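Here you go, one structure.
Should a chain be cited, it is by its letter among A, B, C and D, assigned in written order, with residues numbered from 1 in that chain.
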Amino acid sequence: MSNILEVTNLTKHFGGLTAVSSLDLHIKTGEILALIGPNGAGKSTVFNLVAGVFAPSEGVIKFAGQTTHGQKPWDLARLGLARTFQIVKPFGSKTVLYNVMVGAFLRTNSTQKAREIAEEVLVTLQLDHTKDMLAANLTIADRKRLEIAKALATDPKLLLLDEVMAGLRPTEVDDMIGIIRGLRDRGVTVFVIEHIMRAVMALSDRVVVIQFGQKIAEGSPEAVTKDENVIKAYLGGEYDAA
Amino acid sequence: MKNGSITTILAGCMGMALSAALFAAPALAADKTVKIGNVEPLSGPSASVGVQGKQAREMAIEEINAAGGIKSLGGAKLELVYADSKSDPTVGVTETERLINTEKVNLLTGCWNSAVTYPATQVAERYGIPFVVPVAVRDTITERGFKNVFRIAAKDSWWVRDQFRFLKDMQEETGVKLQKIAFVFENGDWGTGFAEKWRELAKKDGYEIVLDEPYPSTATDLTPVVTKLKAAKPDIVMLVSNAADAILLTNTMAEMQVKPKVVLASGGGHADPKFLENTDTNALGIFDEVEWNTDVNKPAAKPANEKFKKKYGYDLTGESVDAYVAMYVIADALERAASTDPAKIREALAATNLTTGPGMIVSYDGVQFDETGQNKNAGIVIVQVANVDGKPERVTVWPKAARRAGYVPAFPANK
Amino acid sequence: MTAVIQAALNGAMMGAMYGLTALGLTLIFGVMKVVNFAHGSLLMVGMFSAYWLIRLTGIHPYLALVIVPPVLFVFGYYLQDVVIKPVFKAEGQVREPLTVIIVTTGVWYVLDNLALMLFGAEYRTVRTAISNKSFALGEFIISIPKFSGFVVAIATAIGLALFMRKTKTGKALRATSLDREAANLMGIDQYRIYNIAFGLGTAIAGIAGCVLIPFYYVYPSVGVVFDIRAFIIVVLGGLGSIPGALLGGLVIGLIESVFSQFMASTWTEAIIYAIFLIILFVKPSGFFGHKQDW
Amino acid sequence: MSRKQLDRILLAVVALAAFGLPLVVTSPTYLQILILLFFYAYLTTAWNLVGGFAGVLPLGHSVFVGIGAYTSSILTLQYGVSPWIGMLVGGAIAAVIGVIIGLPTFRMRGAYFCLCTIAFAEGIRVMVENIDTLGPLKINGPRGLLVPLLKDPTFWDYQFMSKLPYYYIILVLLILVLAFTWFISRSKIGYYLAAGGEEPEAAAALGINVANYKLFAMALSCFLTALAGTFYAQLMLYFYPKGLMGLDLSFEIAFIALIGGRGTIAGPVIGALLLRPLNEFTRIYLSDMLPGLHLVIFGLILILVMIYLPKGLTAPLAALYDRLARKITGQGAAK
């Protein structure tokens, strides 16, 4: 299988600060890859670079065989790259169905068709009972799902999920793991940033660990958690924070 | 009326259905009165002038009615109906329509602002209702071939013409030769209109224009203009200003010690009753062109002014005198028309030749309209702010025939 | 050249006072993230307060500076508490609640027209001990009321900046302006801070009223004239920035005064807009604004 | 009877009533008030495309009214072009200028955008006031333009002796712009505008080029606004920069939208229905009692509506209609 995403030598400076430095990364089509690392490691910056929010200072990002340099988020969405936000961003004054239809419109101009797509996606995410509610009135767990539903409605090839488990109760985390697995079964490649290690272990085929914007480990979840560098990074990070 | 109006407002708020019912309600027809609709700025930026005109009208109407009303109509009384234009043309049109259709006025007067007078007179022309314009000086108001528009005041080309006549006369009289001239004017309809004609005449009379400066009438600070004026060193400064900027300009000139030989203003802000109160000695020496002044040489003028001052607490102004006269012109026309039919009133107005009577407190000889509806006798006077009995006062100086006895104009005002 | 320097001196003095009129606006925006369209009306209230105080008691305008601002503070404090707060509460945690902007516009209509009902439309000036006085600086003439206005404006800006840095209330104001939710979590009562910010903004309008009245006139809609200028100044300086307001004011004052020596003063108005827009294209956050504010 | 049927019947009744109103309201005064009411409702609906659906608060729309009025009038006065044609030219120019304004300002957020539109509008107004002639075009500076009153105008002149044609022109324009808005709001463009207005980053991630959609909305809105400018010029036959392009008009448009309900289709109409008569009647009946009282009342209503109905009047009215409709259709089903 080919790589849907290939990142080589990715570097991003903000003023004098280097958030990401010479990062190499790839995701195989159909894979679930997790990106982990301590707070401030540059994970979200990697997402933003891949999704086209920022332009990289150096390096190349190839998505589905195409160099994405200079492409804006909406261009990439059209190519089949969808994402969620760490801090969820629902269209709060609109209904859940409306929210998902916005995503669905990417692949159709017909309102009727968009509604059909959205309703189907809502069923997939077990959100169909909330479809007439205002997005602002959803529970945290449902908001996280809505975030995924909107992204999924754009019919993506690659889905970037930014901490969709954060703030969920253990049972909700289990549900979410199930949902994400289901996505993969639908043929969507998934790239997650996650803090909850239980979810990372359960979900991912492969894990990439970064610290200070640099990759320090890569491999199967089991291998990575035994890696000395990783252990030091996490513990050291905590000491630093304290 | 009070309760009625509140109900109407509530009804208005309730939406179209109720409004529609209300719209259809016929206005009460009034017998034995002639209704005069007046569109005036009663709120908004020109409210103070609007109120002056309103008070002058009221005084005239009281006098006319007390003297027995319109005798040829069986002693019919005149009734004034007011509408507030807010100085806004859109509102002016709506209100003119309302006065004509709902209030069923027999004729109209107004609107002070040229900007409101244009469209309002157009409405009147369409309905064939005579419209007497006391003030609103833009030439074009009577130059559109309208049959129903009559203007009492001089038009702006005449104002400018007389300003230059005054300058010429005074230079001849005193032997002072003035060469350099500066124009400073508000950049509205009125100021730019004057400036256009100033340039023409200044060129014709051989003046050297050293400054030609429009300023926004909402300016918070006129020091830049005054600084420029100071650098240009003109002999004569010609001004067109509204109320607030006239005060600011005069005080700033005093503060910056700018003292041109002659300052000649064009009424408006400089003629406002509040002007002297707010500038005091800083205004001394300023010449101002106005339709009227308290010391004008007419027998009826003095008592009329005293009566007005007693009633409202300030002197009659040019604007208010025109409004006052307009009422007498209307009464005269109605008397001769002996009818409330607009067409007949229009004919009577066109034939006006009013030279006597209590209304004739104007500085000129009488009211007579030319074929465009312009009062062909309309004239103006020029006054100077002078120290009379230790207080700044406006003294008529030109035309020479109208000059206050014993007063020698300070020309130039500053050496 | 003399005229240009004279114009620059005058422009700087007027500019500082424009900055003063914008100071309250920028403070209120900084803390509340609301463009206060009633700001000009508050200035009008300040000017009328100074006018009546001086007119009725004949006190020196410098003395009015001690009396008017505290009164205006109380007025602003309760205006926000009674009228604006309820809308804020209804809008919840929206970052820039538009309904609040509209409420301030309503306040503007009410205040301006109440003044019209009470005082009439006429222009009023009051002669004070310093009106129309000037002193010579070489060949240049410096107006005393404007010069004192200049000094007061700068002193107010410095005073406000110190207040924001040194006092506990000032720090709470700054914390709220940086992050409303975080400030809430730290136990700062958001709405009390809003009351204080609004009160302070109004008090500054009162100061501006006191320095304007010795040489300017007052009428019910006088605020509109200063309002639009103040909007431009705060955007130029960076919404929420105190030095920005002062600098923006100075820039506008200088442009207005110096440019009009070379062109009709009606055009300087257009030039101000043009420069404003150019700066927005180049540096949208203004001189001192933070990037996250736009 | 289904809900859809009920909606349709009601809509037809309202439209019919609007067309039939001049049969009842024969007085040109009230006709004029109604014309202005529709005029404002139209302007606000056009504004709503940007101010409502695209989620920003532009406060300088009067400039586009001015552009419309100036373009068609200059073309008529100097080149004898029918205002009907001039109207479209004015619309096109307004759309272009709207896009030019939008390019830098749509990058900005909230307050900045709001203040920048004010600055743009005031800047353009000041320019117009300072320009007497622009090449061959007579702008006439602050004095504005006077459209001559014709003795026997034809339809082609866009000038009529009676108020009735003006009434029907603005009514048709209003209905068209409402239908257009309805169509937009239910299409992809409407969804995209709303999404971009509410959460621009999230919208971008879903494939929406937010700035482009806003520019598109701005161009449309400005085009439609300018058409009303021509209508105004032909109705009043006189206009000048301060009156037509000033901030008062821009603010009033925004007020009507906010009080009626921003981003809703009925909002502008409901807002105009409340504010316009209120404006006219308070002025007529209160302004000579105490000058300013009517505007105090206006301001108070603004404040009260914002405190108690921050989403505008449409939401509670819609809820009320919903309840009534449910009752009616429910009864229908029972039969």
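Note that contacts are C-beta pairs under 8 Å (C-beta built on N, C-alpha and C of every residue); 3 or more make two chains touch, one makes a residue touch a chain.
Predicted, not measured: the structure shown is a model, and the values here were computed from it.
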*asked:* Using the contact definition given at the top, which chains are in touch with both chain B and chain D?
replied: C
*Between B-C and A-D, the pair joined by more C-beta contacts*: B-C
*Select the chain at the greatest separation from chain C, using centres from the mean of Cα atoms.*
A
_Centrality ranking, top chain (CA atoms only)_ = D
*Can you give the whole-Å distance between the Cα centres of chain A and chain D?*
43
*Between chain B and chain C, tell me the centre distance in angstrom, where each centre is the average of that chain's C-alpha atoms.*
37
*Where the centres are mean C-alpha positions, what is the separation of chain A from chain C, in Å?*
47
*asked:* Quick check: how many Å separate the C-alpha centres of chain A and chain B?
replied: 74
*asked:* Could you pull out the residues of chain A that touch at least 2 other chains?
replied: none
*What parts of chain B, by residue number, touch at least two of the other chains?*
43, 47, 187, 216
*Interface hub residues of chain D, defined as touching at least two other chains*: 126, 129-130, 291-292, 295
*According to the definition of touch, which chains form touching pairs?*
A-D, B-C, B-D, C-D
*In the complex, go through chain A and note every residue touching chain D.*
51, 53, 72-74, 77-78, 82-83, 85, 89-94, 98, 101-103, 105-106, 109, 111, 114, 150-151, 153-154
*In the complex formed with chain C, which residues of chain D make contact?*
57, 104, 107-112, 114-116, 118-120, 122-123, 126-127, 129-130, 247, 251, 254-255, 258, 262, 290-293, 295-296, 298-303, 306-307, 310
*Give every residue of chain C touching chain B within the complex, in rising order.*
2-3, 6-7, 10-11, 14, 18, 116, 120-125, 127, 131-132, 134, 141, 143, 215-217, 219, 221, 224-226, 229, 256-258, 260-261, 264-266, 268-269
*Residue numbers on chain B that touch chain C, as the complex places them*: 43-45, 47-48, 187, 212-216, 218-221, 223-225, 227-228, 230-231, 243-244, 247-248, 251, 254-257, 274, 278, 280, 282
*Given the complex with chain B, which residues does chain D contribute to the contact?*
17, 21, 24-30, 32-33, 36, 126, 129-130, 141-144, 146, 148-149, 161, 232, 236-240, 242-243, 273-274, 277-278, 280-288, 291-292, 295
